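Think of it as A, B, C and D in the order they're written, each chain with its own count starting at 1.
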Amino acid sequence: MIIQFKQPLNQAVVQSLLQQLKEEHHHGMLVANHLVIFDADELTLNERQKSVISEVIHTQPRYVLGSRVFHPEDTIVKTPHNKIGGHNFTVMAGPCSVENEAMIQDLAVQVKAAGATVLRGGAFKPRTSPYDFQGLGETGLSYLRKAADATGLDVITEVMSPEQIPMMLPYTDIFQIGARNMQNFALLKAVGQTNKPVALKRGLAATVDEMLNAAEYIASQGNLQIILIERGIRSFDDKYSRNVLDVGAIPILQKLSHYPVLVDPSHAAGHADLVPIYGQAGVAAGAQGMIVEVHQNPSQAWSDAAQQLTPGTFKQMVVTTAKIHDLLVADQAAKN
Amino acid sequence: MIIQFKQPLNQAVVQSLLQQLKEEHHHGMLVANHLVIFDADELTLNERQKSVISEVIHTQPRYVLGSRVFHPEDTIVKTPHNKIGGHNFTVMAGPCSVENEAMIQDLAVQVKAAGATVLRGGAFKPRTSPYDFQGLGETGLSYLRKAADATGLDVITEVMSPEQIPMMLPYTDIFQIGARNMQNFALLKAVGQTNKPVALKRGLAATVDEMLNAAEYIASQGNLQIILIERGIRSFDDKYSRNVLDVGAIPILQKLSHYPVLVDPSHAAGHADLVPIYGQAGVAAGAQGMIVEVHQNPSQAWSDAAQQLTPGTFKQMVVTTAKIHDLLVADQAAKN
Amino acid sequence: MIIQFKQPLNQAVVQSLLQQLKEEHHHGMLVANHLVIFDADELTLNERQKSVISEVIHTQPRYVLGSRVFHPEDTIVKTPHNKIGGHNFTVMAGPCSVENEAMIQDLAVQVKAAGATVLRGGAFKPRTSPYDFQGLGETGLSYLRKAADATGLDVITEVMSPEQIPMMLPYTDIFQIGARNMQNFALLKAVGQTNKPVALKRGLAATVDEMLNAAEYIASQGNLQIILIERGIRSFDDKYSRNVLDVGAIPILQKLSHYPVLVDPSHAAGHADLVPIYGQAGVAAGAQGMIVEVHQNPSQAWSDAAQQLTPGTFKQMVVTTAKIHDLLVADQAAKN
Amino acid sequence: MIIQFKQPLNQAVVQSLLQQLKEEHHHGMLVANHLVIFDADELTLNERQKSVISEVIHTQPRYVLGSRVFHPEDTIVKTPHNKIGGHNFTVMAGPCSVENEAMIQDLAVQVKAAGATVLRGGAFKPRTSPYDFQGLGETGLSYLRKAADATGLDVITEVMSPEQIPMMLPYTDIFQIGARNMQNFALLKAVGQTNKPVALKRGLAATVDEMLNAAEYIASQGNLQIILIERGIRSFDDKYSRNVLDVGAIPILQKLSHYPVLVDPSHAAGHADLVPIYGQAGVAAGAQGMIVEVHQNPSQAWSDAAQQLTPGTFKQMVVTTAKIHDLLVADQAAKN
């Protein structure tokens, strides 16, 4: 149940409603001029309360904060150098792992020249085996921050547990939640309590509803600056492609929710020659941007060697995908 | 093992080689100026034989006729009104089922006006339940043929068993093999013995290798006029999309084989509002055309009511996808 | 809608009802003392008709002939030497392919000694590649028949297309429909028009409902002597096991339908060391029998070399699975 | 590479080897009388070192601590009241969520009477939606501990983040890692640093290798008291069963690793009527125990209402599964 108040808010009535909820042991939350009540089928309202209400939406208490029912317009996620969502096309790029200071500085320059405005790079790496390279840690984060600042880029990097958050705050502009942690609810709540944007990757076998419920864990803590990333799902044939890019999830997520949806063609494909094509497909399906792994010398990379693009290939990919994005925006405008 | 002869063929040597194969109980086949030997690891050649050979390719006897090893250039499938494959963009459209003569005649006019050059329509329908509408049969085929002839379109329609083939020959220009029959080997061999093009749909859980081996059943009978269709695979979340469109399969099939690859966004999506987007994604992944279900009044359709487009929506879809196709061809040309 | 008549049937009324259906263009069928009407929501009955009716069941026209609604008791499929279903435990065994007369004769003796009462063996093999061994054809069937007759076993063998059926009738006691042909509807209808039992294998990605609808294609032609076989489904991890044995499908199929359900541990596992364990799991899930690939010398088999058991291992497997079956029947009896 | 030392250990040589590893920047670990070296292809050993070594095992540095290569015998996990693994059959049971003190006390008595020796119950619940009941927290843990102590049972309960561990230590005997957290590597490392047994559930789409690598994260911290739990995987048909119980994973995990493997039929089935059957199948596949959800009044449960068993049904299930387990142990003994 969502109660939309008339503006300006009548604070006295709103506070009395919140007090009433508390006394009746309901679970509710004030977001802008909406009161979202999660666990009450129907709250009985008196006449005074009704007089300050613009609309009452009767809806299932499922990912309500993320839904178009609650927030019909596209959310625009704001970072120091970017507006992500709506008709914007956002390109994030960088290496799988930050390996040393020189490589990330050089890459920052190259990916910016190719059109990227957000620098990605892993400092804490979720690796299948405990014996694989686990990232440079805070040192890697400092390299990433310096490289981004020197080039005027934002930083996105993965956070793996709640206790890392305070340390990471100065280094990153966007917290990335990896596919393996999509339902790590303690972590989702923790980033939900920061005021930094969060990019949530879809789990390998997560349904659309599960992904939106995971986003709701973040939103329920007050942080609605959320970006959704389709990065491929696990299927029965991984001989030529690591995962199956579920392009259909992009328009479906956009229809159900107001968050920007990006495509990650690198992890979906797992092979560099397929990455630009997966990017094209994702953007043609409506993705409002993409996040791409780029490395100066992919075959020597410390992780994900097979799927990283050279800066040159990446540049061509940005050109083609940006054209597709522009074409769709123009066709969409012509239709309306 | 593939033996490529110098041209013009020295018929005497070729015939002696075929005779030798037979005597040694090998399984081989002459295709154009190539002799493909399937079950012999290595054939010992004498000097006279060697003198008429241009090249010997040592390769695994797996979907060899369909592979780029055997045939590096794109195959162009030829029908009365179309060249399918290469840089051509082929649009096939029509209703799920032919319901009566008037509807198919009217639709033929409309889909042609929207840009289609092949008319699709089911006369024999593979339905999950035996109690669902099974199609109008030969009567439906005759309506389809007439409508196509009146508008200058080719016909594509599904064949479900070998015994239907002789009856269907006058009515269709392309035999479609449905997803459920992708490994109906008796049917594949039977259409392989005709000289009509065959459009092979990917099975719901078929790997890329299985699909190319299925195509090889057709090719091994001498018919290499094959079109491959990606139509979505079965996955774990069918709440909002009937299947997952595996866009990655498109470039993978094109890399491994020389056949044209089309996308079927209708069966992948299962919901009309997603169909144009799936088409865009498929074409952006390199599909050389698409096959789309269109109906004058989708909600009243006798089958697949949820996923058929109106002629108007279809027309817009053709405009956008054709632009994406042209953009990719131009970018590709610029790269080379 | 199912109309159950009082017995003995009042033929006059029944025939008049069938005539009425025909005139009103309904699709119906008389099975024993039931009239099953597939496409009529509700038939209006007059008083005379009502007087000969014992019960009217209002049900969705989906796999009605196969459902417990229509036929509450377990179906017992009868072959010359077996009663399959109910509390019976049926063991079918033999090689993947019949390779020659001596091997199948010898194997028939061995599998019978180990407890099998049905001899399996492929004469027409559905192979992924057209260049793999396709079976000995009718010659193989004749070897199989002779070996079975010499030992007092029934024969089960795969049929791949409708035109093979008349030729195969003298050789086999049970027609097997392979996983790839589970939705080859022309084939299902054709075996449905014979009076031989049909063993239907689950498709690699077929849902339970699709399998029961496939069985209904057979049943709708009048042949209800159907055996269902769970043989593993395709999943995301085939490194150690070829497929995932879906043990849950066994009790689900038994709950929804009255047909016997067997387990095929050989194709599910794909590796001989796992086959007995998969058989145990399937029988513990309630399977009323199993079909197992056995070969004198598995590593030299012409097909499925990795998954065939030696006669010795097979014998031990029969001992253990039969104990599990007996234990479950006894516990079930104790509960009731 | 694994170096197995002669016993008793020559501490001087061992310490010198560890020092050498450190100096050469290798990653190694001493476990009992084995030195496991993860990142060195081959370490060069001098004669003095060779003289104290019993065997050198050259193996891939993948889940080595969990592998049979490193530890051929079954691991027996020890808790105050149980020995889990080997030929033991361990039954864990209790409600999905601890709802109040009385219910868990009563259930503890009932499940013990039915044969359980470990009490399960959730106090921190990983729920798909943030608005669903999240568990009673520490209060729930205290109820669980008291109920177990009163009846002489061990406690197993789920931990969801590293910071909960110190608080939970007095309350639980086994830490359970849920399916969603199977690759929450920070959490795995944290429980690996305790000396409590850890029960690791398989992720919904985790491969066998990924599961064993996840276990290796725990083991690599020094804690090898690990229990693996197969709880069903996500597949394409969830109409009648929530997940597919992958019975094959049980013998595969047992072959590759030395840890005990249990089956969780409750989460696999998702429907109470299937739970005993899934338990039978899992035990027949070799599971060394099971973990089952039991509730006094399932339909009123605060979570997982559909899949919990009544104490009476659970009791029958224990009887049947224990018989199957005994039968297999006896047959196995007879074979050896």
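We take it that a residue touches a chain if its C-beta (ideal position, glycine included) is under 8 Å from a C-beta of that chain, and two chains touch if they have at least 3 such contacts.
For clarity, every value in this text was computed on a predicted model and none was experimentally measured.
The chain with its Cα centroid farthest from the Cα centroid of chain A is C. Looking at which of B-D and A-D shares more C-beta pairs in contact, the answer is the pair A-D. Measuring from the averaged C-alpha position of chain B to that of chain D gives a distance of 49 Å.
Spacing of chain A relative to chain D, judged by their CA centroids, is 33 angstrom. Counting partners per residue, chain C has 205, 209, 234-236 as the residues that reach two or more other chains. Touching chain A in their complex are the following residues of chain C: 205, 234-236, 238.
By the touch criterion stated above, chain A contacts chain B in their complex at residues 205, 207-209, 233, 235-237, 239-241, 244-252, 255-256, 268-269, 273-274, 277-278, 280-286, 316, 319-320, 323-324, 327-328, 331, 335. Residues of chain A that touch chain D in their complex: 27, 38-39, 61-63, 126-131, 160-163, 180-181, 183-187, 189, 204-205, 209-210, 213, 216-217, 220, 234.
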